[in-house]
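Below is the structure I would like to discuss, written out as structure tokens.
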Amino acid sequence: ADVVRLGNLKFAHYGAIAYMKEIAPQYGLEIQERVFPKGIDIIPAIIAGEIDAAASAADGAVAARATGVPVLVVAGFAKGGARIVGRGDMKWSSVADLKGKKVGVARGGAQELVLLAELDKHGLSFSDKGDKDVHLVYMAYADINQALLSRNIDAMCQSEPQSSQALSQGFGVEIIKPYDTPLGEPVRTLVITEKLYANKDVAERFLKCFVAATKFFIDNPDKAQAYVREKMFKGQLSDEDYRQALENSPFSYDVTADHVQTTIDMMVKYGIGKLANPPKAADFVKLDLLAKARKDLGIQ
Amino acid sequence: MGKADLDAPGLAARLARALAVPVALLALWQLAAVSGLVNPHILPSPWQVLRRWAAYASPTEPLAQGMNPLAWAFSGELPHDALATAVRVAVGFAIGAGLALPLGLAMGSFDRVYNLLNPLLQVLRPIPPIAYIPLAILWFGLGNPPAYFLISLGAFFPVLMNTIAGVRQVDRIYIRAGRNLGAGSATMFTRIILPAATPLILTGMRVGVGVAFICVIVAEMIAVNDGLGFRILEAREFFWSDKIIAGMLTIGLMGLAIDTCMDRLNAHLLRWHRGAGGR
Amino acid sequence: MSALVTNTAPGAPLDVVLRGVGKRFPGRDGEVLALTGIDLDVRHGEFLCILGPSGCGKSTLLNAIAGFALPYDGAITANGVPVVRPGPDRAMVFQEYAIFPWMTVAQNVAFGLKIKGLPRTEIEARVDALLRKFQLQDFRDRFPKHLSGGMRQRVAIARVLALDSPMLLMDEPFGALDALTRRNLQDELLRIWMECGKTVLFVTHSIEESIVLANRVVVMTYRPGTIKRVVPVEMPYPRDPASPRFAELARELSGLVMEEQMRHEQAERAAGDGPD
Amino acid sequence: MGKADLDAPGLAARLARALAVPVALLALWQLAAVSGLVNPHILPSPWQVLRRWAAYASPTEPLAQGMNPLAWAFSGELPHDALATAVRVAVGFAIGAGLALPLGLAMGSFDRVYNLLNPLLQVLRPIPPIAYIPLAILWFGLGNPPAYFLISLGAFFPVLMNTIAGVRQVDRIYIRAGRNLGAGSATMFTRIILPAATPLILTGMRVGVGVAFICVIVAEMIAVNDGLGFRILEAREFFWSDKIIAGMLTIGLMGLAIDTCMDRLNAHLLRWHRGAGGR
Amino acid sequence: MSALVTNTAPGAPLDVVLRGVGKRFPGRDGEVLALTGIDLDVRHGEFLCILGPSGCGKSTLLNAIAGFALPYDGAITANGVPVVRPGPDRAMVFQEYAIFPWMTVAQNVAFGLKIKGLPRTEIEARVDALLRKFQLQDFRDRFPKHLSGGMRQRVAIARVLALDSPMLLMDEPFGALDALTRRNLQDELLRIWMECGKTVLFVTHSIEESIVLANRVVVMTYRPGTIKRVVPVEMPYPRDPASPRFAELARELSGLVMEEQMRHEQAERAAGDGPD
């Protein structure tokens, strides 16, 4: 079988990507999964030639491309995955309530992007120095919940499954799912190297495998949940957390060049990722493989 | 023999003494947890940690027929993680200390070598291991090799610094005596400088092991799927405080075990030493 | 001990040649002149004692010949070659013993022999014999921290004698020993010296000891350290401390040493006196 | 005076010697970069790093009227970051070493204290600072206080271990002499044990500074928005290899500066020491 | 030096009382009995010398009185109280000097005085006077590593004398000194002893020195260390080494010491001899 080395993210309750390795033999592939705790660590692995394909946020793919890493966006595997959560002991009605508050967020990710877009939309200025309407506090994903819990911040724009946990453990309440900006729901993308893309036959089978895995998960939510909870998390993720997380971040196949282009534009606008020479979405979003795979498998 | 007994109290007594402070702290912690003074999400009660620890250490599957019961008993996540981390620390430490020791001996002994290499090493020393991750992946790929690199980097500098200092503080009278008795460089190193510098080198090794443990958690960020550091990072992502603490304590106990061995080694290697004991 | 001749014929080769040797130690206020203008020839097989007030430079002189704390002013030759490094051809007993605390008594004594690469059995035999001679056999596997001061000194001497080196540099080797042990070791040293034709440079504070042992006694001056006088001792061995010639020599030497001490004390007094 | 010159060669010569190895390495690196042997995304050429460094160090805004030119010259990102990190390391190190020193003296001197506290400390020692982040936030909130906590934790153990070892290797003859001359515990510590243990304690401090630098990057994860560690993490997020390396080198040079001071201090404090030099 | 009386009246109080004192060091094969069954009374103002073969337990005995390396068998009382810890009332000059290498000569000498809390000016005056007396004034700001062996020993003695303690324990304090310095310091010590009525326990290897100094000389046996004989020296000070009584005592003492040495050597030979 042809070997494809796949970089996956650790807190990936988006189990479809992980599930690919289970069904890979059907497509004449052997998928070796490498799990990374942070998306940024995948990029050097790609450069070092250790990884052929990766699950990554759209902004991560943009940042990689902007630095000249030869990756292509070939599909989107999940949507959403962001939530603005406020302290459970405070009253929240809208994003406007964030004025004068400390808001925690992880730097450089989709969560920051949508947060800034929301603040902008509500006419709030922001900085990380505490001298504007909203005081941004940059931290690692894991630490943001901690800080909210110990009331060192007032609100956060958090990823999944952390935001679901904040809700289920009762120290956070949802303010909004921040998808009503020009960006819409942020998409997580599947990227492959140009080298793999050039190897058309393998790339096609890889995409087919991806589509099949995702379809299986969409069609069999119970089996998907069982796989994620038992195989990936060994029973340590609660049903409730899984359901909530998935609700805010469903499986999908699609991504559009427009969405990626909007992401790039907004990143430039808010200075996220401080892109030196922003790439053009059309140059690296290649959806032909995905279309072919969907067609072959008969999925609309 | 009453005196000998006083000098070497029974194992039970020593254990009791060693456990006094930790047990007291645990009691305090349990009290704080029960009284609701601390948020259980951040600092769960010792009891809860213990339960989580037990779950973490127990086999995940029931004993299957025909399976070796011993293998089964150690089939849990924790034994597997602990072993993986121990191996990484051991290999990384062996490489780091193995390079630092001869280099330290050379730098401590020859001012020329010291002056040549010291500026470079001092520039490299404070650079945090996390910053080396991209280079580690580039040079060593994924999995264990970059982990060894990062851990050995962490262990390297304490051993190096203490070896240099150890060599430099050897009383020159012994060096003179050795040279006068005809010792060549090799003999000087192995039979005079090394033993005379042993107190400091051993201390450097103990500190080095500690730093290696600090680094293993960074190292286990890079595409490995087991190890205590990996598990702590994972638990952090999911905000499982009890499992974080269980992992921390496991690392701590591993460190204690290593340290106890080091203490023994120390006492044996320095049995000639007329130290401050028995004043 | 029955040999009656001294080992040094005038024609014997010169084992040590010092010409204008000096040593300056850098100090906070200027240099300290520990030695200056030392001219000295030591013949092969000669037993030379060095006497002088404390701090006059006796240890510094031995260090110069042993090749420690280089560089020195002037020219130093030992066994025919300029001294540029220490070596086992000029085995030294240090004033501070310098036995290795991390080795047992036996390991200390065997150290030089192992370096020489002698076979194991021979090393064992030699070490055993030496330890017995120095009454250390009960302590062979003990570390120095378990020894008394005098025992440590004996280990240091045994370690050097084991080497069987042609030249011995001994810096107050018998200082910590009781009278009888001292006398025994003096006899032993003389025996070895005569039998093996060694050259010995021996620092001591005891005028009596120097007369018992030496072919020539070098008396040094204090600050700067120079050679005040070289006194030949032309008595046959073994020497009888009760003999008139012995007493005469003792008087002469103690006169020289005392003169030096006086000169020095007066200089100090003249220089250093405030309204005391 | 020709000899004195030999002993203390001119500044230029010493500088040349100190820079020989780093410059050679830089040249090699530039060569590798130019020849395309290494990927410029991970290891950019020294020249590129230098340009990024200059940009990082330069003022971000043009000199405004009425502004103090000196203040302007240091208004760039890098001077600000370097200062922030230096202050954090300094405060954290001062706390860590300040606690470790008396504790180490006590543990080294009194077997009872050692036996009581050692097991606990040895369990805590190998626990990686990253695992303390939740507790640090809980106890100290955000910003600088938890950073001080984490950094002091890192500096604490090397200083502690070396102080204990330093005290234990003091020759008991000095302790006997001190007690015989009537020294009480305070005098024993300050005038006898401390100076006699200085070689090891200083080495522990040097290692401790190194570990503090490792920890500052972890500490600057927690909601601070300046400092070199913060900047490296930020650059990592954006995958700016040249800025990562510029940050690493800045940390390295800061470490070197500290180490040079330590070397001076060392030489001064140990001027009494009859070490292996000048054999 | 013109006092002609000894300071010890039979009625003077007992400064040191040892009853059945022993010391066992744990060894690899069984214990080493360094001292056993020592009964000794030292009167206030007495000058006691201790003679004995190297390794017989002299340093151990002084340590017992000084309060080091506790515990001991038997009962030890010093200055009327049981010895449970060291203290400046029993100031000791160590066989290995034990001067602090991290302090200058002046700081070493001033150390005990600072602890006593004397005013600065008085400390300076005392230190200056002592350094001058010991001819160390040129080295007052030097570290011990710059000193010769004899100078270090003098610093150690000065440091202890500065304390002006009622009891002095001196373990071969003059071992590294040249003859004249030694004689000067012997005189100095006797002067201090007589003027200040101190009690002195003084270990030496020199029989002559013991007769010059002591009221009584204790001769020890080797392995186990016991008291073989206590020899009173009832000559007036200063003592003339040329006097017949001096020679007689010297013969007696050297006979005792030699007898002990012989006994020991024979025992060794009987025990340890293989086919040599």
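Just so it is clear, A, B, C, D and E label the chains in written order, and each chain counts residues from 1 on its own.
The rule we apply is simple: contacts are C-beta pairs under 8 Å (C-beta built on N, C-alpha and C of every residue); 3 or more make two chains touch, one makes a residue touch a chain.
Remember, it's a predicted structure, so these values are computed and weren't measured experimentally.
Using the contact threshold fixed earlier, the set of chains in contact with both chain A and chain B is D. Greatest centre-to-centre distance from chain E is found for A, with centres as Cα means. When chain centres are set by their Cα atoms, the one at the greatest distance from chain C is A. When chain pairs are compared by contacting C-beta pairs, B-D ranks highest.
Rounded to whole angstrom, the centroid-to-centroid distance between chain B and chain C, based on C-alpha atoms, equals 50 Å. Chain A and chain C, compared by their mean Cα positions, are separated by 83 Å. Among the residues of chain C, those touching two or more other chains are numbered 68, 96. Multi-chain contact residues of chain A (touching two or more other chains) are listed as 44, 47-48, 142, 146, 150. The residues of chain B that reach two or more other chains are 39, 42, 133-134, 137-138, 173, 176, 179, 233, 236, 273-274, 278-279, listed in rising order. Here chain A touches chain D in the complex through residues 40, 43-44, 47-48, 63-64, 67-69, 104, 107-108, 128-129, 137-140, 142-143, 146-147, 150, 152-153, 273-274, going by the rule given at the top.
For chain B in complex with chain D, the residues that touch the partner chain are 14, 17-22, 25, 38-39, 42-43, 108-109, 111, 115-120, 122-131, 133-135, 137-138, 154, 157-158, 161-162, 165, 167-173, 175-176, 179, 193, 199-200, 202-204, 206-207, 209-211, 213-218, 229, 232-233, 236, 241, 244, 247-249, 251-256, 258-260, 273-279.
Interface residues of chain B, counted against chain A in their complex, comprise 39, 41-42, 60, 77, 133-134, 137-138, 141-142, 221-223, 225, 233-234, 236-240, 243. Listing the residues of chain A that touch chain B in their complex gives 7, 10-11, 34-38, 41, 44-45, 47-48, 50-51, 141-142, 145-146, 149-150, 161-162, 165, 169, 171, 234, 236-237. Of all the residues in chain B, the ones that touch chain C in their complex are 173-174, 176-184, 187, 191-192, 195-196, 198, 271-274.
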